[in-house]
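Several structures are given next for inspection.
In what follows, subunit A forms one complex with subunit B and a second complex with subunit C.
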Partner chain A sequence: MRKALAVARKELRQIVRDRRTLMTLLFVPAFFLLLYGYALNFDIRHVRLGVDDQDRTAESRSVISAFVNSGYFDLAAIVDDASTQALMNRNEVGAVVVIPRGLGRALLTGAATPVQVLINGDNANTATTVMGYALTILQSESAKYQEGAGAGGRPPLLTVEPRVWYNPQLRSTLFLVPGLIAYIAMITAVVSTALSVAREKERGTMEQVRMAPLDAASFVVGKSIPYFIISLISALGIIIVAMALFELPMRGSWSALLLALSLFLAGALGLGLLISSISESQQVAFQLALLASFLPTLMLSGFIFPIASMPAALRAVTYAVPARYFLIALRGIVLKGAGLQTFWVELAALAVYAALMLGLASIRLRRQWQ
Partner chain B sequence: MRRVGFLVWKELLELKADPRLAAIVIVAPLIQLFMLGYAATTDIRDVPVVIADADRSSTSRELIARFEASPSFSVVAVVSGSNDADPFLERGTAWMALSIPYGFGAGVHDRRPQTLQIVADGSDANSATVSLGYAGNLITVYGAEKSAALRSAPALRGGIEPRVRVWFNPRLESRDFMIPGVVALLLLVVTTNLSSMGIVREKELGTLEQLNVTPLRRWELIVGKLLPYALVGMLDVFLVIAVALLWFQIPLRGSLWLLLALTGVYLLSTLGLGLFVSTISSTQQQAMMTTMFFFLTPMIYLSGFIFPIENMPAVIQPLTYLIPLRYFLVIVRSIFLKGVGLETLWPQALALAGWGVAILGLAIARSTKRTA
Partner chain C sequence: MNAISVRDLSRRFGGFVAVDRLTFDVRRGEIFGFLGSNGAGKSTTIRMLCGLLTPTSGTATIDGVDVVRDPEGVKRRIGYMSQRFSLYEQLTVDQNIRFFAGIYGLTGARLDERRRFAIEMAGLENRRGTRAADLAGGWRQRLALGCAILHEPSIVFLDEPTGGVDPMSRRQFWRLIDRLSDSGVTVLVTTHYLDEAEHCHRLAIIHAGRLAALGSTSELKQVFADRAIVEVQASNPVEAMRVLDRIPDVEKTSLFGTAVHAVLKSAGRDAVDVLRRELTAASVAAQSVDRVQPSLEDVFLDVVDRQEAHA
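Let's look at the complex of A and B:
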């Protein structure tokens, strides 16, 4: 342990000398959360609407104002058959409503009349939502003219009473912020360690370390201690920003959160060191770090893309992504107020991952030193 | 020009001497594309749902069977009371709990309107909204069928008949939209990384001094560094586009040649960006951090790759014009899905080319051989 602390002291001195790196690691993460937490959401509003009104009656205008007054659509252009294609191609409109001539008269005489809605489908997710908005608006507009519907009609046999727990207003920030915390903590930890061993190898200082009376395990532990402290400070900074500015609640206990965070960071640092120990050059280490930490944390952790929707083979891969466990635990502690007894499986998985990574890194180094 | 040729040769030799790096830059993007291609779907399927059936009648079982048969849901458990369902939500093993109250089946048979309660886990707001929509729809359809079977309801007459048509992606496959994006992202990750280490490595190892004493000019150094990485990048381009077309069967409606040409322009900006980072950093650690924090992360989140730019607050939107990936995403997606050509895409192509030239110019200006 004394040896490990000596390595930690040496590493810390080196970190402090590189002021730019230190400041970036400490403060940029919290700034990032501020920027992205504010910028990102899935709430689709202000869809640019093109209108092709061939009818020009009170009824057709009522349909158009129903779209505009819904709050989801902004009237962006008056279009015709010829200009629709170009506007859609350039993404200047997200949807187009085409009202055929004769709509007003037909509605008043009780005949069914088609109204066409064209939706720009290049973003399938947005398009699905926009389609839902359009259908709802047209149905409620339609009910005004239909016989047997409306106030005098029978209520439907089955109705649903939806209730949402943990995030009743369904704010997407509350869902994205924990994901961003995991993402930022992961890259901070991996960026800080992935090059550390490879650098010593590349510069030839590894020989000196090898000659020192030092075993691989205390070298690895010593290397991770200062970065652990730095990552923990910066991760707590992010969480405080999230709570102060994005109304992230804290329904569980701080000690549970600290435990989950520490285990996650230890695993991430271990991964960084393992990458560093198997890479001969810093360039290889960087590339491996991107592929092993950055992309999986973004795509395979359940942060943005739901794991339940992935094919079974890929779902199996996600069990190897530590952010997956951390996200379940973090959302559970912060949003649901669940205690350790609910998340011991995830915490155990994080602990196993951390031990495995740090262990493999030590073994790998010991082999290289022999 | 001959001097540039020698430098390119030296770089390629270095790449060859490091077989692991060569393997990574070729094999890794392919593996990633396979994984991300399957992962990057915003379609919501197999929503885990727990059903608390206090009724246990044939009607309630019929409703449960509907949920089991639906591709949108996967029923993880059927319990007897809603208290038993709560732990599923708390653990996160179910996203939604449907409670069927006692007397539901009898009520339906007497044609009394029934209310079913659904509790959704809102911590994933997006999935919760979508799955509540699915569930509401499934129950309404079931209710309408039941009501029609019990007593023929009068058909509605007249009104507006919505006819919705989705352009460019009629089946609303999010994969067709995401995979071109993943291609753009992977190219960015691989090429920026390679070039960002390019010059700073020579600085750190002290070999830049040796290059300084050669008659190599500044721009020759940059171009010589850039060309081999561009070669590797183009190789990756062919590989990932081939996988997108042949394996994932993404329709390519536009011209392949235009796509390749504009991808070349895009590589100019990603490689230039990497070299620029390389010239402003003094250690590889700094270069890596700058790339990850200040380039890759903003590009992923603010380019429209996942989060639509239209949804961002008005103050943030102008920032996205600084991001080359923004333009390239519009280009790849439009060529793949809409089949449009330069007549529509010229503003993006121009912006991308301008970006590439500007960042390369900056990199050359910054690479003062003296102070390096």
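Let's look at the complex of A and C:
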């Protein structure tokens, strides 16, 4: 154990000496989060809205301000039948609300009135989302009048009331940020450890160390400790940035989060060490590490693509991706405030993965030791 | 008990036999040289003796400890330093020493004492805070040696320790090796510098994985006991070699810089005269034709030639 500490102390000194690595480990992850967090955003905001108000009553203006106040639409132009087409073609408006004459009167008498919403459909995804926004806004607008009418003695109309839990505005960042945290933490932890042993092999220090009466397990433990501490600090940094900038909530306990994060990072470090035990040069180690951490975490963890909708064979592969379990736990803790008992299976899976990776790395290194 | 005892040690890599049935002993406190060209099997042998590489067959014991059965025990008894002086370049002199002391399990007063020893030995008293990368070759090499013997091993393996170091530093380094040997440490050193080999108490000449010859420098030179070596300085050495090779008494000739060494089958007194006569007859101008003492290089070439002839 004392020898493992000597290795850890040396490794930490080396990292601290190597400013570039240290900065990369500590700050690049948070920077990544900023980049991805703002770019990887499935929400659509600032849709340029054209308004064709043929009614010009207090009620019609209320509908328009409901659109503008929603935050999703910016009032861009007042249009009429003639100009709509041209503006839409030039992308100067992304959606147009057409309020027919007589809307105000109809609303007050409780008669159904159609409001036309024209949406630029050149991006189907965007169009669907914008349509959803428009529907929600119009529904809540009409509800106001239905309530008023209901008070007048008529039986209240049965209205559908959709409600989305945890992310009422269906903000995709809340869904994506935990994935980003897992993704970034995985890549930095795996890459940095993978490089560290390969570097010793390249420089020949590995051979010198192998000549000492130091067993492979002490070496692995000593190598892991500093990277574990640094990855943990770095991952907590990402989480704090996510909370400050992307309004990531913290509904669960910090200790549960730390536990899940530690298990996840231990597995990532194990994978990194395993990779560096099988690669002879830093370059090979780097490429293997990227391949092993980047693709599975992005594609097969449920970060972006839902696991449930994958073909069975691919779904089976996801069981070997630690980020899969970590994401369930992380989303559970920060978004749902769930306790440890609800995702102990995931934590156990992370622990098994970590033990497996660190064990394999030790065995691999021990074999090379001889 | 011998410090190192090797019996029929072999190592194959696939179909290639890197080390072929080596047998030798190294006495305590001896400076034992491993001489051979690149790829002769010197490093493979050292790696087996250090417990880094498992022999295909045969046995080796270090201080009586079997290298296969107890590699950890072997590692506690040995120090190892290779041609690449594997230090951590970003770390300072002191941090390197502390790390190696740490993995050798040194603590407390012993740690302090050994640290002082290593720094004093390497002559780095004023550069403890210098990064290893910023040290000149000779210093790094001495620091690497210091790190390799922090735990006071009784046997030290040096694998081409002086590669890439200037002659001044090489001489200083050999003084350190002599000091180690004087204090009772056994040193096994590989080299392909013949001048360095002269420092060794005994030498093993390794060729193509086999032990070609073993003994002290003077013992090795006994291969020429009943033969003679004549050095010919000629303005056209290639022409001189052609003439000499035709003389029945000349066993073989080889080029030594600008001179030609001819090995004669007998050590007769008139040998030099015969050679001189033949050269004149062939009108090859020779500045000098003299009988010389065999050098280690003569021995090396002769030993290798004879092994090749046997094979």
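As a working rule, the second predicted complex is superposed on the first by the 252 of 370 C-alpha atoms of A that agree within 3 Å, B and C clash if a C-alpha of one lies under 4 Å from a C-alpha of the other, contacts with A are read in each partner's own complex, and residues count from 1 in each chain.
Everything that follows uses one rule, which is that contacts are C-beta pairs under 8 Å (C-beta built on N, C-alpha and C of every residue); 3 or more make two chains touch, one makes a residue touch a chain.
What you are looking at is a predicted structure, and each value in this text was computed from that prediction instead of being measured.
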Check whether A:69 is in contact with subunit B, with subunit C, with both or with neither, and answer first, second, both or neither. neither
On the A-aligned overlay, A:310 touches which partner chain: subunit B = first, subunit C = second, or both, or neither? first
Report for A:203: first if it touches subunit B alone, second if subunit C alone, otherwise both or neither. both
Larger contact residue set on subunit A - subunit B or subunit C: B
Using the superposition on chain A described above, determine whether A:116 touches subunit B (first), subunit C (second), both, or neither. first
Of the two partner chains, subunit B (first) and subunit C (second), which one does A:255 touch, if any: first, second, both, or neither? neither
I'd like to know which partner A:3 touches here: subunit B for first, subunit C for second, both or neither. second
Would you sort A:18 into first (subunit B), second (subunit C), both or neither based on which partner it touches? both
First (subunit B), second (subunit C), both or neither touched by A:38: first
Subunit B versus subunit C as contact partner of A:336, first or second or both or neither: first
Of the residues on subunit A, which ones does subunit B touch that subunit C also touches? 18, 203
If we count contacts the way the header does, which residues on subunit A are in touch with subunit B in the complex? 18, 20-21, 24-25, 28, 32, 35-36, 38-48, 63, 86, 88-91, 94, 103, 107, 110-128, 131-132, 134-135, 138-139, 141-143, 145-149, 154-168, 170-172, 174-175, 178, 187, 191, 194-195, 199, 202-203, 279-284, 286-291, 294-295, 298-300, 304-306, 308-311, 313-314, 317, 328, 331-332, 335-336, 338, 342
Any idea which subunit A residues touch subunit C in the complex? 2-3, 5-7, 9-10, 13-14, 17-18, 203-215, 369-370
Which positions of subunit C touch subunit A when the two form their complex? 50-54, 71-72, 75-76, 78-82, 84, 86-91, 95, 98-105, 107, 131, 147-148
Considering the complex alone, what residue numbers of subunit B touch subunit A? 18, 20-21, 24-25, 28, 32, 35-36, 38-48, 74, 89-92, 95, 108, 111, 113-130, 132-133, 135-136, 139-140, 142-144, 146-147, 153-170, 172-174, 176-177, 189-190, 193-194, 196-197, 201, 204-205, 283-286, 288-293, 296-298, 300-302, 306-308, 310-313, 316, 330, 333-334, 337-338, 340, 344
